[in-house]
Each structure stands twice: as C-alpha cells, then as structure tokens.
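The same chain A turns up in both complexes below, where it pairs with chain B and then with chain C.
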Partner chain A sequence: MVSRVRWVNATLLIGVVVVTLYPFFNIVARSFSAEKYIVSGQVNLWPKGFNLTTYQIVMSDPVFWINYRNTVVYTVVATAISMVVTTCYAYVLSKPHLRGRKVLIGVAVFTMFFSGGLIPQYVLISNLGLTNTIWSIVLPNAISVFNLLVMKTFFEGLPRELEEAAAIDGMNTYGILAKIVLPLSKAVLATMVLFYAVSFWNSWFPAFLYLDKIEMFPVTIYLRNLIAGATGAESAGANPDVHSEIMQVASNIQAVTIILTILPILMIYPFVQRFFVSGVMLGAVKG
Partner chain B sequence: MRQVTRRHALLTFGALTLAAACSTAEEKPTAAAKGAAMEGYGVGKTFKAPQQLTFPILHNIHPAYPVKDDWLFWSELAKRTNVKLQTTLIPFSDYDQKKGLLISAGQAPLIVPKMYPGQEVPYIASGVLLPVSDYVEQMPHFMDKVTKWQLQGDLDTLRQNDGKYYVLPGLHEKVWSDYSFAVRTDILQELGLQAPKTWDDFHAMLKAMKEKYPDEYPFSDRWGIPTPGGAFLQQLGNAYGTNAGWNFANGRPVFWDDAAQKFIFTGTMPQYKQVVEYAAALVKEGLMDPESFTQKDDAANAKFTSGKSFVISSNAQSLVNDYRKGLAENNPKATVVKIPVPVGPMGETRTGLRTENGIVLMAKAKDDPNFAALLQFVDWLFYSDEGQLFAKWGVEGVTYTKDASGKITPAKDVDMVGLNPGAPKHLQKDFGFGNGVFAYGGTTALLQSTFSEEELEFQNVMNARQNRPLPPPAPLDELEQEQATLWETPLKDHVQQNTLNFILGKRDLAEWDAYAKELEGKNLAAYVDLINKAHVRFKEKHG
Partner chain C sequence: MTLSTAAPPAGPAEKAPARGRPGRRPIRRAFLRDWQLYTLAIVPLAFFVIFRYAPMIGNIIAFRRFQPGGSMFGGTWVGLRYFEMFLADPTFWRVFTNTVIIGLLSTVVCFPLPIVLALMLNEVRNHAFKRFVQSVSYLPHFLSTVVVAAIVMQLLTVDGPVNQLLSFTGGPPVAFLQEADLFRTIYVSSEVWQTVGWGTIIYLAALTTIDEQLYESAKIDGAGRLRQIWHVTLPGIRPTIITLLVLNIGTFMAVGFEKILLLYNPATYPTADVISTYLYRLGVVSGNFSYATAIGLFEAVIGLVMVFGANLLSRRTVGASLW
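Presenting the complex of A and B:
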C-alpha cells in the first residue's frame, strides 16, 4: 500500500518536475543552437548545430554589461534600503502596546488595495526630480506590504521575556532590536532579502517608467526589448525593408540573454534555501 | 505588475488635464511665431535654421539597431539643418505605453514619432496635441506631395469630429501591397500547374496538391493570432469586396457602399458570406489545415519548411527569412515564390491607404518661439525628397552611391537588409539611417530601392491594379464614441466567433440567417445608423 502511494507520488512529482524544467532546458538548448534549427522548430532538449558564438555576440555588447551592472547596483541598494525600512516598520508594528498601531497598519494595508494610478505616480516622481536617478527605482517600492506583514508576524512570535530581560539590563529599544531581536531573526531576514532581491532583480516596470537613458536601464529592460520587441506588433504588418533585421536576431540571442540574466539569481537560491524554508514556515505557523 | 489599460490612462489623465483642456480648446490658431524660421523656405529647398536650434523628440531603442550618440545621422543632420535633436529614449518593446503616459502627463517632447492613426484619439479632447491640419500650409513639401499624389482622400480618413487631423502620417506615392501567399513552385512543376491567378485557380491548385499528397493539408496558414485567419481572410475579403481578417478586426465593422453612398454592416454582407463559404469549402475538402486559424506562426512555418504543407501566407520578409531559410535546411531542392495576390470577383483592383503611421506635435509647440522653424524642419526631414532619401540611405558617397538612372546601391563596406551581406558596417546599426523613427513613406522609387528583383516583379504586378475608392470620414464625438464602442465590441466578437465556427464547420452555413438575426439583437441597426449619421454630419459641416 505504502509503496503504491509512493509510486503514484513519485510519478506525479516527476511529471511536475518535467513540466517545470522542460521550458528551462529548452531555453538552454536554444542558447547553444544555430539559428536555422531553432527557426525550423528542431531544437527540443538537446542543442543542434552547437556553437558558442551567440554567447560571444551577446557578451561583447557593452550595453548589455552596463545594464547588467545597473541591475546589480539597483538590486543591492534597493534591497539594503528595503531591509532597513521594512525591519524598522515591522518591529514597531509588532509591539501591541504601541499607540496608533492599527492606524499604522491600516496605512500600509491601504496601499495594497488602492494606488494613485499610473499617471499621477509618474507626475509625482518626476516633480520630485527623481526621474533618471537611481532613487526613482529604489525608493518608490522600498516597502512591500506583504513582506512587512510576514516580518511583523515573525517579530510578534519572539518571546517577550527576552526583550524585557534586556530592557531590565539597561538596553534601549535600538539596542534590543540590533543585539537581541535581529540575531534571533536570521531566518526571516534571509527570506526577506531573497524576496526583495529577486523582485528587484526581475523588476523592469519602474525603470521603464522613470528612466529614459540607455546607460541607466537595468538588464531586464534590455532583455524585454530584445524579446518583446522582436515579436511585437511591428513584426506583423510591418515594413520589411526596415525591420527584417529583427527576425534574425531573435531566437538564439533571446535564449542566451535569458540564461545570462537569470543565472546569478538562480545561483543564490540554493544557498538561501534553508533559511527560506524555515523562515516562511516560522512566520506562517506562529501567525 | 501594474498595466496601463487604455481606460485607466483615459480616466486618470482626463481628470488631470480637464482644466488645461477648457482653457486651450477654444483658442483660434494664430500665425506661427517667426522665431528662427528660414526665410524663403519652399519646395526643393533644404531647411537650414539661421541659428542653432534644439528640438526634443521621442525615440525608441530598437533591439536590432539601438540608438548610438555617434551615428552619422545626428552629426549630418546638424550640419545640414543646424538642428540638434534631443531624444527621450523608450524601449521599442513598450514604446506605445510610455508614449501614451508621457502625452497624458503633459511631459512628452514636442515631436512624437511612430503614432499610428487612431492612437491619437484619446488625447485629443484634452488639447495636448496640436491640430496640425491648421498649420500644414507652412509645410510646403507635405502640401506638395498631398497635391501631387492626390492624397486628400487618404488624409480625410484621419479627420476628427472637429474636421481637423492631428497625425502627420507617412505618405506613400502608391498603395503598398506586401502580403500574399508563398507557394512551393517545385510542387507546381511536379503537378504541371501554373501559379494561380484567381481564387478559383487557388482552389484548384490546392485540390491537385491534395490528390497527389492525400495525407497532408496543402495549405496550413500562419498569422492567425490574435485574429484568426488575419492575413488569409484579409486578402480573400479584398478580392470579394468586403473587409475580413485583419481588415475587419482592426477597423470599424462597417463597409462603405459606394453605390448606395452609405455604410453597411460588414459581417452580414453577401460578399462576407462568400468569403466564409470559400474558406469553409477549403477546410471541408481537407485542403486547408483547420489549425491554420489557431496555431502559432512557428508551428505553421515548421509545417511549411518541413514539407508537410505547400502554401502559406507570406510577405517579402517572411519569404526570405522564414521559408527559404528553413527549406534550405530541410529540403534544398524546394523552391518557393510569393505569388501575386489571387484575383476575385472585384477583378484587378485593390484597396488600401497610402498613409501610414507618422508623427504628432504637442500643442505646447505653438508657444515655442521657434515654432515656425519646427514646422519647416519636420517638413524637410519627413516630407522632402531630400530629407526622405537622407533618412533612409544617408549620405551619398559615404553610405550609398547613386548611378545615372538614379538607382541606389549601398557603399561597398555598408550592409543594408542583406543587400551587401558580410560588409563590415551596417547602415542602421552603425550609421542610424533607415531608422523606423525617421524614415516613412516616400516615392515608390525610394520604397523599392531596398527591394530584390523578384519583389519588384511582385510590386509591378500589384501596382498595375486599380485602387478602389476609400470610405469617407465619419468621426464620432466623445459621447458617441463611448456608445459606439459598447455596441461595436459585442458585434465584432460575434462576427469573428461565428466566422470561425462557419469556416471550421462547427456551425452549419445554413444557419447564416439565424446568425444575421443574432446580430440584429446586438444593436446592429442602431450602430450602423450612428456611423451613417456621423458621416452625413461631417459631410454637411466640412464638405
């Protein structure tokens, strides 16, 4: 009986794994394949017409690396800012004796459901003089309310006695946070760093809105332009003399760019995984 | 992730700019401020500003030729016209979205290129766009081409309810036909057939192919997403004298009946029924792959290049880049050509606009001290023969050469759409010419300067066909437009759904009358009436 359940489980899970991984391996195979095989739909899991020239082409484009560097900078700075603000906010909210706590929570939650709309937001950022600066990327989305609530729940679960003891020993609020609470919250911190870093790494919309210089774009915009641009509205009903080039750059360069873009964040995952699992679980159970 | 929907954008910016609209909408156009305008500018003259000017412009970042500061285009432009363009850059992928946002927020640069007719409509009410038709007298090259090529009718299709137009479209000398069908000529030879001239021939050809290869669908089509049968039905509709496929999906669902001088509903026209019957017969007889209407382009291409089908929709570009390339790999003996569009009951005629996407100017431009110069500059760059040749081909002796007959050849070290494959430099990537932002329309000679011999042959056949009259304008005011959209969407959806069902045999063609009845129930009469009233009103008011 047990073994049968196991078999069913295994088959199901392997099925899920295949469905999940197939597109990924397909992209990897495409990235090493010759364009003509991709166009005629012959590339599945194994590269055909193996070559590395596409990697060389993409990696020799200076704009790609400038944008790549921007992504790294934006991700690091934005994650750092987000972690500081979110932690402070969440810690404060986790204290039941805080006056006006409900209002503060309300303010945060309100933004989950309502926003000013795209154009007012754009006008705001541009009137603040933030367009075409790194601040337009790292400030507007510094607090993710979802992450804030997860963190708040985690802090609420920490034994109060610890903090009281520290207070009796003469520590102030900041000391307690820095020396007692945070060291005990490594799991949730790691999880939040991962959440924030991944979302900033993947994000393109704020950059698209607020930046209009190539040398400031993150790599996601470079990638999106390459993919959506080549398959977008203009390729149907377009002007063959002007746009024929698009079809040629398309598939294998796209694949290579995708691989290069997701690689770093993919490599971080296994290392943060153990915090990640325990962190999310902890928050959930205690909540 | 947030998406800007049109409604979203409309609502927000409507509220924002209401005040601005009230104050500017009533202003009468005044003579343009002189500023740095060039004295004695006219047809055949090169615009040169008397002092150095800078004009802001929106520009996309094309994935195939991303903008570079050292493009010869910029420096040569400054040398010739004394104008420097200051660009706001937007990724090509989401150009329309940010273009709309910047216009709505009132922060768009004065010159906004790549505006497709119809896209400008949501911004007109707020008064941010310049009603450019009030100023075209100051654009001699534009006026010259409109008169010379008799484009007034084409321009009229752009007019809004106030009788003005806001887009300066790219102007073509002739209608440009590009889409047709790619056919395997080696199979034709094998069967002893000629390339089909009429739609009956087309049917017969597919039938002969099916007899020889009973296991395959001879015709498996692409360009079915998002409009099922987009290209195929459009061609068929043109031949029968109605709007189908892309033509139906991209416009209003009404057709101008020139004899009756009024608009009629497209989806119930007898001609439309004939189109549906023709396509249904192909599917029923196993000549056309039923997946044609739903499969992705890649799937259709793969069938064609692997020899599972012998006919597919094509344009000049896909013939070379998709089919020949793919076939060369799988079946080097296969030969394929793009046939002239088959002819139907309408005979050797075609329809089409000679205007394409173009530029809009922001209303705030008219307060610019150099407004007159701006108009002259736009006129020269986008509409003069010299400007168009410059934007497309660059500088003679550097990027191209011209022989005595006027034939243009790219310079030896310059590649342009495969005309000089393997050359170390590329006209678009390295010099910034042939850039979709600046190169639109132009004379047929200029358009065809990049065409291959075989494409020229196709063009010659197509250009010999007579153009049918264009529908007259019937612009709606804002309230009417809202009402029209509410009726139009369900009507179009119903037509498109049932077109597909009839063709695929999911619904019996005997039910055509029932289908027409269902459309009646969706306010068909009221909708058509609204359009006809708008047409009459426009005619009375603006001639």
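Presenting the complex of A and C:
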C-alpha cells in the first residue's frame, strides 16, 4: 500500500518535471529547425532539417547585440546602485535602539501595499526628465522592499559584540558597516546581488514605458517587439501572404532570441539556485 | 514578505520591554548619538519620497484637469468629475469584472497547487530525485515575463505542439490567442507553470519544523501515509497556509498586468482586458492622464482595503497576522 502510494507520487512528480521542461525543449528544437518543418507543424522535441542559420541571422543583427549590451549595462549599474542603497537602509533598520526606527520601517513597508499607480509614476519620470535615460530604468526600482527586509533580518541576526567592541575602539558607524558587518554578510550580499540582477535582467516594462530609442532598448524589448510583431492583431496586414511569411520568420527567430535571452540565467542557475532559496527562507522569517 | 506565523506571542512580547524602559531618550541625545546612522538613511529615504510617495501625492491629478506634458501638480480642479465618468463607463465595469474573475481564478488555482506539490515532494525519500524535481520546478520563476509570453505564443501557434496534438484528434488548428473564451485558461495555466514550484519553498521549510514524534504516534494509532498527511502534516503547516492565503486574498486584484499586456489583443479584450491594462491604454497610449489616474487610484484604494481587511479577518479568526 505504502509503496504503491510512493510510486504514484514519483510518477506524478516526473510528470511535473516533464511539463515544466517540455516548453524549453520545444523551443530549442524549433531554434535549430528549418522553417518549412516548423510551418508544417512537424517540429516537436527534436529538430528537423537541422541548421544554424537562424542563430546566424539573429547574431548578425547589430541591434540585437546593442540591446544585449544594454541589458548587461543596465543590470550591472542598477544592481550596484540597488545594493548600496538597500544595504545602507537595511543596516539602519536593523538597529533596535534607533529612535524613529518604526517610522523608517513603516515608510518602506507601506509601499508594499499601496502604490502611487502607473500614471502618476509615468508623469513623475517625465517631469524629472528621466525619460530616455538609463536612470528611468535604474532609479524607480532601486529598492525592493522584500530584499530590504531580507537584509534587515540578516543584520539583526549578527552578533552584536563585534560591533560594540569596534565602537569602543573608536570606529565610526561607516567603518563598522564596511569593515565588520559586510564581511560577515557575504552570503546574504550574494543572494541580494542575484535577486536584483535577475530582476533587472528580466525587466522590460520600465524600458517599454520610458525608452523609445531602439539603440537604448534592453534585449527583453527586442524580444517583445518580435513577438508583438508576430501575433498582435495590429500587424494583420491587407496582404495575407506577406503577413504569413513575416509570421513564420519571426516564429523561427523568436525561438533563437528566447534562448539567447535566457542563456545566461540558465547557465548560472544550477550554481546559484540555493542562494535564492535561502533568500526566500530569510524573507519568510518574521524580522 | 515578512510572515509572522505566531503573532499572538510576538505582538505583546515586543511592546512589553518598551513600556518598561525608564523614560525615552530625548530626541537631541538620540540624534547626537546616532547621527551617522541617520545619514545612511538619507539616500534611501529620498528614494522612497521621490519614487514612491511623490506618485501617491501625484494622484491629485485624478481631481484636476491635467495637460499631457504639464507639471504633476498643474491643471485646474474638477473635483470628482473623472470618478463619476468612469463609474458611468461600461468599459470600466467590463475590465473591473475581468480583473475580479482573473484574480479569483488565479488565486483559486495557483494557491493550493504549491501546497499539493510540497506535500508530494515531502513524501520523496530519495534526496537526489527530490532535489532534481525542486530545481526543475523553480526554473520558470527566473524567466522574464517577456520570455514566458514568448514561450506561450510558441506553444500555441498554429504550427505549435498544442495544435499538433489537436491534429491527432482530427480537429482543425486553433488560433488560441485570438479566442476570447480561452484567454483566462491560457493565462492561469501559464501562471501555474511559472509559480507552482517556487511557491513550494515556504511550505517545504514549514514542513521541516513538524515534530517527527507526531508521525510516530500516528503510525502507532494505525494511520497510513495519507491519513498521516491529513492529521499531522496539514495541521502542522496550517499557520503558513493561512498567512499566505491572507496575503493572496489581499492582493488578488493585482493580476499579472505585464503578462496580460503581452498576451492580449483586441480579439481577446472582452475577457482579457483588466483595470491596469485599460488604464495603461487610456493614460500612456491615449494621453487621458487624469481619467486613467482616477481609475488607478480607485484600484489602489480597493487593494489597500482588501489587504487590511483580509489581515484583520485572519487576526480575528485564527490569530495570524502579516504585521
């Protein structure tokens, strides 16, 4: 009886794995397949008419590389700024004796439950003149309150004695943070860097809202424009033949662009996954 | 998200020592002692004030006639005009209904599944297999919404695998994303694919805290594996389930705006268009800033009330609270 339950359970879990991975394998198969086999619905898990032409087409598009480079630049700059700002605030919030600490926490936590909304935010960014600059991507999302609370929880768990000893030795707050606290926090810092980096790498909507120059787009917008062109009803032109041809090319190229976009994440994923999990655990514990 | 699963002891215990403190330190003394800490808070506070609180104040454009390109605080007062306008707007009520339906569907489907998957993973004795399933199921969580939308489109194209499957049954190919009737199913399915694995993490953590002795005594009482799950495991993670449920109910109106924006099109507006996509088109695309802001403010206030309401309800009934 027990062993039968166990077998059913294992089978179902294998089913979960198959369903989760199937779309990836399908996209990979499409990316290597010849157009005519995709169009006739013959490509499923294995490439048909194997070729690398689609990869060459995408990779020889200079815009693709410009956009890819933009994604790297935005991710690096945004992550760096986010880390500095988040670390500073989390450290402040982790000091139980600090006067006004509850207010400072409240300022952050309230924004989790109430936001100014899309339009006022949009008007603000335009008013500040940030439109079409990297800052429209970087600054409005500099602090994730979730990450902030994870870091605060971590700092609160550090032994107080080391900091107190350093303070008695005459070290100031900045020195204590930089030389005592941060070296003890490498694990949480790594987790936070990954959280921020993945979210900025994947982000597209701020870029979609605030950037309208092709040479500034991140690669997510490059992909969005591909799929919007391929499916949106707005692209349904008068000439059906031309339209269907555009769709097929895009469908092929989409697969390649998807793979090139997620490749960096797939490559680091096996090594960093445990950091993400530990981050979620920290966040789940009441600070 | 901070989740307190044992709120009753935490609440009073935190306050007790504060009351017992012999008089609060004067503000001046506190500042002289901690001014360096306060300086570290300046830039983050500036961030919150500029990018979070200023837009909240910017909602006053919902009560003013705002000119595109104008200042956030410009325009003339029109009172509740825009609110009256959208309350009389049939499109608004359509997108409102869609938001509620999609929100409810997502919650009803996406909330229980991680619990089920966590329970299934918990039964696995082979650690390598368990870790493999976990790693695979977390993966979709790390993909950009654009990538998920692109994958959904690839799977559902006329030449895609779903239509290949259909052709075995002899049916004609279906342009899934053009069918209004299918949009919600597609949306919720993709949500499940993306979130079910990641959602297990918190439950798996909660499962490790259950006392092994409870299982032993259940076994002695003659309970099989399934009865043990029902009488030991589920009660063990009940506080976690309730806390997450509160959070989910509170935020159910915040549907996956980005994904809908990528997946919908005029053919599926009747079922797919939600408040946030509607106000995006009204405001950003058509330039009706004040009108769109009024709708956005309405939605945000409902969201806030729902979070507080759900939290109050759970505190009263089961003693679990988010803060």
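Operating definition for what follows: the second predicted complex is superposed on the first by the 246 of 287 C-alpha atoms of A that agree within 3 Å, B and C clash if a C-alpha of one lies under 4 Å from a C-alpha of the other, contacts with A are read in each partner's own complex, and residues count from 1 in each chain.
The rule is simple: a contact is a pair of C-beta atoms (placed from the backbone, for glycine too) under 8 Å apart; a residue touches a chain by one contact, two chains touch by 3 or more.
Every value quoted in this text rests on a predicted model; they were computed, and no experiment measured them.
Novice: Per the contact definition in the header, classify A:Val63: touching chain B only (first), chain C only (second), both, or neither.
Specialist: After superposing on A, A:Val63 lies in contact with chain B but is clear of chain C.
Novice: Does the superposition put A:Val5 against chain B (first), chain C (second), both, or neither?
Specialist: A:Val5 sits against chain C, while chain B stays out of touch.
Novice: Is it chain B or chain C that touches the larger share of residues in chain A?
Specialist: C
Novice: With both complexes overlaid on chain A, does A:Ala80 touch chain B (first), chain C (second), both or neither?
Specialist: In the superposed model, A:Ala80 contacts neither chain B nor chain C.
Novice: Using the superposition on chain A described above, determine whether A:Leu118 touches chain B (first), chain C (second), both, or neither.
Specialist: So A:Leu118 meets both chain B and chain C here.
Novice: Which partner chains sit in contact with A:Tyr174 here, chain B, chain C, both or neither? Use first/second/both/neither.
Specialist: So A:Tyr174 only meets chain C here.
Novice: Determine, under the contact definition given at the top, whether A:Ile227 touches first (chain B), second (chain C), both, or neither.
Specialist: It touches chain B and chain C both.
Novice: State whether A:Asp212 touches chain B only (first), chain C only (second), both chains, or neither.
Specialist: first
Novice: Just to be sure I read the superposition right, which of the two partners does A:Ala142 touch: chain B = first, chain C = second, or both, or neither?
Specialist: A:Ala142: touches chain C, not chain B.
Novice: For chain A, give the residues common to its interface with chain B and its interface with chain C.
Specialist: After superposing on chain A, chain A residues 39-41, 115, 117-120, 122-123, 126, 205, 209, 221, 224, 226-228, 230, 232-234 contact both chain B and chain C.
Novice: Residue numbers of chain A touching chain C in their complex, please.
Specialist: Listed in rising order, the residues of chain A that touch chain C are 1-2, 5-6, 9-10, 12-13, 16-17, 19-23, 26-27, 30, 38-41, 43-44, 85-86, 88-89, 91-92, 95, 97-99, 104, 107-109, 111-124, 126-128, 139-140, 142-143, 146, 149, 153, 172-174, 177, 198, 201-205, 209, 220-221, 223-224, 226-228, 230-234, 251, 254-255, 257-258, 261-262, 265, 269-270, 273, 276-277, 280-281, 283-287.
Novice: Given the complex with chain A, which residues does chain B contribute to the contact?
Specialist: Touching chain A from chain B are residues 1-2, 4, 8-9, 11-13, 16, 61-67, 88-94, 96, 98, 101, 104-105, 107, 178-179, 223, 230, 246, 298-299, 301-302, 305-306, 315-318, 320-322, 325-326, 328-330, 417-418, 428, 434-436, 439, 447, 450-451.
Novice: Please give the residue numbers of chain C that touch chain A in the complex, ascending.
Specialist: Residues in contact with chain A: 1-5, 10, 24-25, 27, 30-31, 34, 36-38, 40-41, 43-45, 47-48, 50-59, 61, 66, 69, 71-72, 117, 120-121, 123-125, 129, 132-133, 135-140, 142-147, 149-151, 153-155, 157-161, 163-164, 167, 173, 177-178, 193, 196-198, 201-202, 205, 224-226, 250, 258, 261-262, 265-267, 276, 279-280, 283-284, 289, 292-293, 296-297, 299-300, 303-304, 307-308, 323.
Novice: If we count contacts the way the header does, which residues on chain A are in touch with chain B in the complex?
Specialist: That would be residues 36-37, 39-41, 63, 115, 117-120, 122-123, 126, 205, 208-209, 212-214, 217, 221, 224-230, 232-234, 236-249 of chain A.
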